[in-house]
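Below are two complexes that have chain A in common, paired first with chain B and then with chain C.
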Partner chain A sequence: MAAFLSLVIDIVSSTLVLALVSLGLGVVFGLVRVINMGHGAMLALGAYLTWAFSGAGVPFALAVVAATAGVAVVGLIFEALIIRHFYEQPFETLLISWGFYLVVTELIKIVWGSTLKNIRNPIPGTFSLGPAGIGRYEAMVCLVTILLLVAMGLMLYRTNVGVRVRAMIQNREMALMLGVNAPRMYRGVFVAGAAMAGLAGGLIAPMFSIEPDMGTLWLVRAFFVVTVGGLGAIVGGTLVGSALIGGATSIFALVSPQVFAQTVVFALAVVALRFRPVGILGRR
Partner chain B sequence: MRQQTKERAATGRVQRGTVTKRQWITRWAGPENVVAVLVFVALFYVPYVVAGYPVFILPQYMLFGVLALTLCLLWGFGGMVSFGQGAFFAVGAYSFGIVLKHVDGSSAPWLGLLLGVVLGAAVAGGVGYFLFSANVRDSYFVLVTLAISTIVYVIANSQSGLTGGFNGMYVDRATFSVFGVLEISLTGDLAMYYVAFAVTLLAYLGFRFLQWSAFGQVLVSIRENEDRTRALGYNTAMYKTVAFAISGAVAGIAGGFYATDTGFVSPSLGGVLFSTSVVVWVAVGGRGYFIGALIGAIGISVLSNALNSLIPEYWQLILGVLFVIVIVFFRRGLIGSLLRLPQYVQGRRHEPAA
Partner chain C sequence: MTTSSTGIDRRSLLKASLFGAGAITAPSLLSACSPKSSGGGGGGSSSGPIRVGVISPLSGAWTVYGKAHSAGFQLAVDEINAAGGSLGRKWELVVTDSKTEPQVVTEQANRLVREEQVDFLAGTFSSAERNAAAPVATQADKLLLYPTFYEGQSQKFYPGVCNPNVFMFGPEPSEQVWPHMEYIMKKHGGKFFMIGSDYVWPRETNRLTKEKLKELGGSTVGEVYIPFNTPQYGSVLSQIRRSGADVIFLSLTGSDTVNFRRQLAAAGMKKDFVVWTVDDEEAATSGIGPDATEGDYVSFDYFWSIKTPNNETFRKKVQEKYPKVIMNTVGVAMYNAAHMTAKAIEKAGEVSTDAVRSALEDMTFDGAPQGSLTMRAEDHQAVLPSYLVQAQPNWTSPDNMFKVVHSVESVQPQAAQCDKLPLSKA
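What follows is the complex of A and B.
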């Protein structure tokens, strides 16, 4: 029973952490069709900024907010300088954003060095849930993720902006023709994606060690979350994708080493991609 | 010779109509072939001019060049960007190392290469057919190749009994015996240099032949418009699968020679970062020309080597910026743009290369 409960907690928390990391990628991929290979670098930048701010004595929560803003600004600069000229060219944006990854990762190495960094857990201790338990900080991150997803859902389905965004997913040309301000909308979406990456990077920073290349594995995982979940199904798709990828990894990790479980899940995700290229919740 | 060209033209593969001497010259002595000859002649004479370190290090970069050629086939001609070429390179390198360690006898190096080729082709062909037959393409294909390299990296890292795990694997310089008559020992740097040179030259010629063949033409047609090519009756999934399998196999060969050249195989060869640096080489060199990809790989590797000790922190940054600039402004890559220059000056507006 205890084992089962801790497995459930493990699955839920890894699902939510994965959803947090993937959300920014899913938003940008699903709405403006940009495969942001720079997402991994944005995560790392968020983590490093959080580390730098909290090292300078800023309280952790404030440091995360500042990191989020910082990554959003970097995303804005990148969008305004380069990406906005390449919307609708998926291959070019993919390659350019990989260039962004290289540049940002190298800048991180120059500014902060390549050595591993760690942030002390800001909320130590565990909540005990009967026989099993969950770290207080992990629980807090899960809560933030849930709030973020709810806020996202409310924004998409309860606001004027949400109507425009959904119109853009359903029929891009028609939405643009009916007066959706495309350049502003695209910029907003891209910057929001960057901000979410920064937030995710800052929040996962205390749970994992921080290194310049920390983003690559998360990038691959996030890609699979988005594609398995379904392109354009932002909230539901991200949750379903994370549950499948994160949950499957947790379950396989019971019988095999963690890295191997990851491999099996990637292979399964490739199979899923073949049989349902639009993802579980995606529309053609 | 001219008669031959005419016959060739009549088959419709190249270009219809009679071929004048002038056209014959521009076809065979075009900028691409001239540059290719210059590059290979220069590489051939390097050991005559200098000794020591360049002769030691260049074989490795030439094998990187072969790896770049495999991506160039996929990307420049098939329109498929692979972020996982390093994975096949790693598969070839590990196959070679493992066979050399566990098999005795003079045929071991050949078996190692064979295993690398078979595994590279099988993985690429298997995954390729699985995906292409369901019409998985473009960005999704990129995603899958990313997954392949992650998976190979993880396997290489975790199966430490077989691969040496995180610490990598040491491989000896092999001795190839040709039919028991000729023995080519790669222990000397000079021998290694010319073997790597031969491998690179053969790979280059092979890919150029492939480009000229009917197969290559269909591949380009798939790049330009896959649906239309399929409508014309070509089994595009099969063509793409074969192209991917060929690139996997050749990457496997390059990996095998790399293993015996450097004497060390690290799991990072299979990782995402190495695979993506192959993408950078090909993009910067020029994906539309095999020679561009080759020069890109060798040139960037040489520059990396020189500048990594000089400005270790900034070189990678410069490379990243260069990559972005090339993608934004020089879509054909640096060498590719240079090779297009004569046609550009003449104002010809044939734009076949992507």
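What follows is the complex of A and C.
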């Protein structure tokens, strides 16, 4: 029973952390069709800004908020200067955002150096749930992720903005004809995606190695999450994709070596795409 | 009806992510071919400077260990040159970046030997890098001075090891791990859970550790190998929880060890398990931070904080010349390698590979920061001290990071498992 409970906790937390990291990518790709290769650099920037602010004595929660805002501003500048001229051109945006990744990563190295950084765990200790347990900080990150997903769902399905956004996903031309302000909406979505990357980077910083290339660790996984989960199905798709890529590793690791568990999960993802090319929750 | 008026579908996104994965490694391959510089007077000639090719991990996954690596060698060479060089000839370094990639190492080693015409090679970091450079050294009949703690020599990994052209200045498991096992077992128990990166060094280190563990009456309750660049460790942590282990014996490297240990601490598991790492020297431990390392054990032949007269002098020199570099076992091994080779050249009276090799064999160096070091003739393995340290609460820098809890002044490593010993008569 204890083993089962700790497995469940592990699956849930792995899934939610991966969902947190992938959400910004899913939003930008699902809503404005930009394959944002810069997502990894935005994660790293969020982590570094959080590290820099909390090193300067700012309380951790505030540091994360400031880092989120900082990355959002960087995203806004990037969008206003470059990306907005290239919407609807997937290959160009892919190359440009990859360039953005390289530039930001090098800037991080220039400003903060390439030695590893770390942030002291702001909420040490564990919650014990009967015989199993979970780190308090990790639990907090999971909670924030759930809140973020719920807020996202509410925004998409319960607000006017959400109606317009969904209209755009379903039929872009019609939505534009009906008066959706496309440039503003595109900008809003791109900046929101950047902010989510910044938030994710800041929140995971106390649990991970902070280094300039930290985004590469996540980028391929996050892409799999978004494609397997289903494009445009932002809340559900991200969750399902994360469960398959993150959570399933835990299940396979029970009966097989880690190397195999990690490989078989990606193989499964490819098989899933073979039979559901639009992603598990995607709609054609 | 389509969800996308721009024509992207999942196939193109998949291609895009693959493209991205490829592009991550592509730039480093391009820049590996840097333009050659002038030939110089090396290559076995008996006049002009002595040229040394240094291969260091200056970028890539192991950069964190790389600064000490090249700085240690440079420091020794500056001392050698300040004292007039060897046989009246100054040393000249050609430092190249391994990018932490074996194929780059092969290219660089070839370039150093053919174009730069170096007299010998020093460096490479990981076992895979050494295994890439050693065949080049063998073919060109140059020596390779290898600094890193590694898995020991066994014939199946020839020519990376068991090679008369390669000298090992770092410790292998019978020096780094075995001397401290009884201490750990007595204090914390004999049930070990082993977790390492998925390549030859962790696997061989664990094989030898398990061998000794069995002999001492302990047991292995889990053994897990992790692919490089794994961010999440939730499933491994629950495996460890279930295993009933006393000690987590850790040989993860690079950012993986940082991610694992930070998550181990965040999961609140540090109070239930003792961590003993054979990878996380001062630089990696700095990356992990005080809260996630407190109380954990590390073992090596050298630590910045050991109290020996030699180390006191050495520390002053490092602080003066490289105040920003975090010095570690690998940097010190590079330092020792340069000094011992300089002594060997003086003793041999020439710079030829054969002469320097026989002069290095059986050489003892009393100026090593960790104490005394002898290069064993038969298998080119350094006889070294061994230290077990514990990370201190709330450490702020390598100065107060570790405290020695157990040490052995000089360890004779187990004999290399090579077909023919001594190596140089083979």
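The definition used in the following text is that the second predicted complex is superposed on the first by the 278 of 284 C-alpha atoms of A that agree within 3 Å, B and C clash if a C-alpha of one lies under 4 Å from a C-alpha of the other, contacts with A are read in each partner's own complex, and residues count from 1 in each chain.
Keep in mind that, in the parts below, a contact is a pair of C-beta atoms (placed from the backbone, for glycine too) under 8 Å apart; a residue touches a chain by one contact, two chains touch by 3 or more.
Remember, predicted model here, so these are calculated numbers, not experimental data.
Trainee: Could you check whether chain B and chain C clash or fit when both are placed on chain A?
Mentor: Aligned on chain A, chain B and chain C clash with each other.
Trainee: I'd like to know which partner A:246 touches here: chain B for first, chain C for second, both or neither.
Mentor: second
Trainee: Please indicate which partner A:206 is in contact with in the superposed arrangement: first for chain B, second for chain C, both, or neither.
Mentor: In the superposition, A:206 touches chain C alone.
Trainee: Now for A:277: first (chain B), second (chain C), both, or neither, which partner does it touch?
Mentor: Both partners, chain B and chain C.
Trainee: Touch check for A:110: first (chain B), second (chain C), both, or neither?
Mentor: In the superposition, A:110 touches chain B alone.
Trainee: More residues of chain A in touch with chain C or with chain B?
Mentor: More residues of chain A are touched by C.
Trainee: Contacts for A:82 in the overlay, against chain B (first) and chain C (second): which applies, first, second, both or neither?
Mentor: The first partner, chain B, only.
Trainee: Have a look at where A:94 lands relative to chain B and chain C in the superposition and call it first, second, both or neither.
Mentor: After superposition on chain A, A:94 lies in contact with both partners, chain B and chain C.
Trainee: Is A:22 contacted by the first partner chain B, the second partner chain C, both or neither?
Mentor: Once the two structures are laid over each other on A, A:22 reaches no partner at all.
Trainee: Could you tell me if A:6 is touching chain B, chain C, both of them or neither one (first, second, both, neither)?
Mentor: Second partner only.
Trainee: Does chain B (first) or chain C (second) touch A:120, or do both, or does neither?
Mentor: second
Trainee: Which one hits chain C, of these parts of chain B: 218-226, 272-280 or 308-316?
Mentor: 272-280
Trainee: Does any part of chain A touch chain B in one structure and chain C in the other, and if so which residues?
Mentor: The overlap between the chain B and chain C interfaces on chain A comprises residues 35, 90, 94, 98, 102, 216-217, 219-220, 223-224, 227, 257, 259, 262-263, 273, 277.
Trainee: Under the definition above, what is the set of chain B residues touching chain A in their complex?
Mentor: Checking each residue of chain B against chain A gives 81, 127, 130-131, 134-136, 138-140, 142-144, 146-147, 150-151, 154-155, 157-158, 271-273, 276, 279-280, 283, 313-314, 316-317, 319-321, 323-324, 327-328.
Trainee: Looking at the complex, which residues from chain C come into contact with chain A?
Mentor: The touching residues are 1-14, 16-17, 19-21, 23-24, 27, 63-64, 198, 224-227, 229-232, 234-239, 241-242, 255, 258-259, 262-263, 265-268, 283-284, 286-292, 326.
Trainee: Spell out the residues on chain A that touch chain C in their complex, using ranges where they run on.
Mentor: 3, 6-7, 9-11, 13-14, 17-18, 29, 33, 35, 37, 88-90, 94, 98, 102, 114-121, 124-126, 133-138, 169-173, 206-209, 211, 214, 216-221, 223-224, 226-227, 231-232, 246, 249-250, 253-254, 257-259, 261-263, 273, 277-279, 282-284
Trainee: Which residues of chain A touch chain B in their complex?
Mentor: 35, 82, 85-86, 90-92, 94-96, 98-100, 102-103, 105-107, 109-110, 213, 216-217, 219-220, 223-224, 227, 257, 259-260, 262-263, 266-267, 269-271, 273-275, 277
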